[in-house]
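Which chain is which? They are A, B, C and D, in the order written, and residues in each are numbered from 1.
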């Protein structure tokens, strides 16, 4: 049979799901990350329980949630608690294994901006702000970013650090005593980047089929570091595409 | 923002609380409740995370043309976008300003970016930081400590967030001060006439906000007999002791949802995303849907019962539990 | 007492927690659970305020002849009186040591006043102070702040309680450090095989203790299907994520009570008040009721079913609530 | 009809109940204070709601509770919460109007000892300890002590201050910033004492029928201050005795 065709979003979803192999507690938002988690449940992480900042542990949604506070996340969940308990007993306690995060801007050390474009006092664009992102980035054992690769997002210097990543690199995060492990992966629509070097600097580790290193560099606002070996990520399998299209996002809300 | 743990002010508060406890029937219309407790320049907290949001209260505040309010809410949502477009607010204390699952809140952006209709001062936290401010206010604690903010520019952006040394020597820790809103307006499934209130589903921060606030208005889908409350004491989130007014407000959280009663009216959220991009269109909407009608009952009539029938979920009943009679 | 927020130690903890989550069936006998998690010289917390006290676990610890334990409990009650008389403990961390509603705990007094059967070190708090230590441990906070202790000699008696300056300038405030027991043993009405646990009635400090502890054993009256838990998520106090072992332990809290299942056996509390005044009589009691029988099932047989029939309350059912199906 | 006869306990219960006139939230333990509250509900404080440190607000017990954690306090209560919430949201928040307290020792400023007799390190008698007493004495708006008048209890100097009263007298309590108003009354089996003077020193304000000032002084370990006028407290009325004996303590558990 011929290679199946697929969208960039489907590729991102498939890749993100693969990265969740064996995960047991994932702190997740709505949209694409949520689809990726549901796909992972069908494939590489059957034991995964989803945690939402709205106070839900072990959600079993009967539909794709419209927001992280969707009532479908409550009905049938294992436990629904106050937000004080969710952030205190689950997240700050260190029980979140993997958190999926995004932002308007990211820098080479995985610090995120979701607060303002321009000066804080006189913003060019007022963004939503932290929400739970600052505590998620601080406390989650592992953080995966899911962001489309765009030059306006991958910037040399953030306008505002909302959520701490590896800060100024090296052991700067550990020296400040942040409990979580910090950023580990950046999953984009063109490539996968990680921070697996002593400087904890973002580096290209895999490109998607048909994407060149130059294509990636063109969308990054600093000279992008390259991993020793750069793999080509496998395209979504027919089964992954079937699950995405028939099971986890049948109404194509996020594709 | 008044700190409640200076003795005199605290005494006022608690004597007041005792008076609340005295009233045996706190039933009130939303109009009366807003007129009595929401005055110009006070701080108002309409809470509820994505659900249980008292749009009925927000619209009544717009209708009564309050000005200079400090609006407090973790996720401002459509209701604060509307109240800010209507010019009721001078300041916003928040932790995430977006149209949940949809996009931006354009009225708030216009106020911040273009001072339209008037300038809006922002005081900003992360979710846990603002939850912590409520929790400190609710327990008369001088502060709430959390591990967030280290390495974040939010520390510099908000001087009320401080870093202190852990007295046990484990390093720096962030603290936030207590927050005690003048008025909290909280929607739930049911309450009795004394304001003993039960809520299930997302508990959010309703409990902390209720105990932190100087005056509490509860708006509920159903008014029930005290015996219904006493039959499941673990579900009582807000005791009547701290409640000033109880408003029977069916569908009062529309277009947000109430667990087990109705779903979020997502079409309204999507429509607002388009409509709110132009200030003039927002004013026209307010004229038709807020100023132009007398109260929430009229709002419901205007939408029609069929509209709400479509939002009703199928029943999913929790099993009963046995508390036992001990005598 | 190990502080969990130094990164390496925390990582061990959380990876461990992940392993807990993995086990899909944690059902175990009390003997296996105690043998696996309660080792000599560790810290053990059998909690539950006047009810939900796992006497079954305490007796099994005596039977397995553990030594050098640090026993942690707000109100030591008869069970710690018995464990201390049996010589299992080196230290007691507590906030009120009395026979609730009856009088003294004579075994603990003998250990403190006469080092009988061995010396007992005391670490003492007020109720809120010890609750605060659990809460800080449960949220990986470096401390918990409370308004107690100012003007009390408890500050001098326990150097772990400190006074600090409120960073917002309202004066001095007391703080206590986090407490993270090695093992918590908590009794409740029901849990599923993964340890998702529901409790109603006095919630006490069970939630904080569960999240604070490195290992958690839950003992329940009934093992239920996961679907029962998921049908009322607001009642789930302890998620299986942090539970190591689930023990089916009917009447395991006797002579204390379990809301809706059985009443406190007050005769036993009154009898202990007399019996425990002599160490020899206590040893004889332990020989007959703990060492002399193999497990809690044998203890129940020895007491007889009629004994428990008398303790059963009449039913008092909470009304159901509707969570709604959203699909 | 002739004067009804009554016990010292019945007198204490009747007097304590009268002092709760108009009270709405009372923080209470078991035994005699509990009986007094129930009597007050029938007489001077119909709106009273009882708060127990076990986590119960608005209890409606169907029997006399055997302990402050009795399951009869839970069934039919308005709200049952965690102890963290009871101590934080109710007591420390300042919502407790009147708290009834006792102790093994009390001094002239209403400080209480319920920890040890003798030295803390080597106690002659190890008492139960604070329980919630320290936070109750700190945070309740008003504190009433209920204690039998005995020389070994009313001492010149406490062996240990468990719960702060007026500390060293005068404004010493306010200067330390304790939020609650502190001790207001001491209700005994022979007399009523209060702290209604600038020094906040315990003073005799009323004696029970047949009790002299000398009888009272004989049981107090320091020269007891006298109020300007000392009243004689009225004996329990026939109705008070009927309610105590038939309604609130029919099995004479606490008489």
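The rule is short, and it goes like this: a contact is a pair of C-beta atoms (placed from the backbone, for glycine too) under 8 Å apart; a residue touches a chain by one contact, two chains touch by 3 or more.
What you see is a predicted model, and the numbers here were worked out from it, not measured in a lab.
Listed here as common contacts of chain C and chain D: B. Just to note, of A-C and A-B, the chains joined by more C-beta pairs in contact are A-B. Once the centre of each chain is set as its mean CA position, chain A and chain C turn out to be 39 Å apart.
Chain A and chain D have CA centres that are 58 Å apart. Centre-to-centre separation between chain A and chain B, using Cα means, comes to 30 Å.
Chain B and chain C have Cα centroids lying 36 Å from one another.
Multi-chain contact residues of chain D (touching two or more other chains): 56, 70-71, 74-76, 80, 88, 92, 177, 179.
For chain C, the set of residues that touch two or more other chains comprises 5, 140-141, 146-147, 170-171, 201, 203, 207, 231, 234, 259, 263, 313, 316, 323-326.
Under the stated contact rule, the graph of chain-to-chain touches falls outside the line, ring, star and complete shapes. Contacting chain pairs in the structure are A-B, A-C, B-C, B-D, C-D. Of all residues in chain A, only 30-31, 53-56, 65-71, 74-76, 80-84, 87-88, 91-92, 111, 115, 120, 123-126, 128-135, 138-139, 160-164, 167, 173, 176-179 touch chain B in the complex they form.
Residues 24-25, 47, 49, 56-58, 60-63, 70-72, 74-80, 85, 88-89, 92-95, 97, 141, 174, 177, 179 of chain D are the ones touching chain B in the complex.
Contacts from chain B toward chain C in the complex involve residues 3, 5-6, 140-143, 145-147, 162, 164, 166-168, 170-171, 173, 175, 177, 189, 200-201, 203, 228, 231-232, 234-235, 259-261, 263, 313-326. The part of chain C that touches chain A in the complex is made up of residues 4-5, 7, 10-11, 13-14, 17-18, 21-22, 24, 138-141, 196, 207, 211, 226, 229-231, 233-234, 236, 239-242, 323-327. Contact residues of chain C toward chain D in the complex are 49-51, 74-75, 94-98, 100-101, 104, 108-109, 112-113, 124-129, 131-132, 134-135, 146-154, 157, 170-172, 201-205, 207-208, 257, 259, 263-264, 266, 269, 313, 316.
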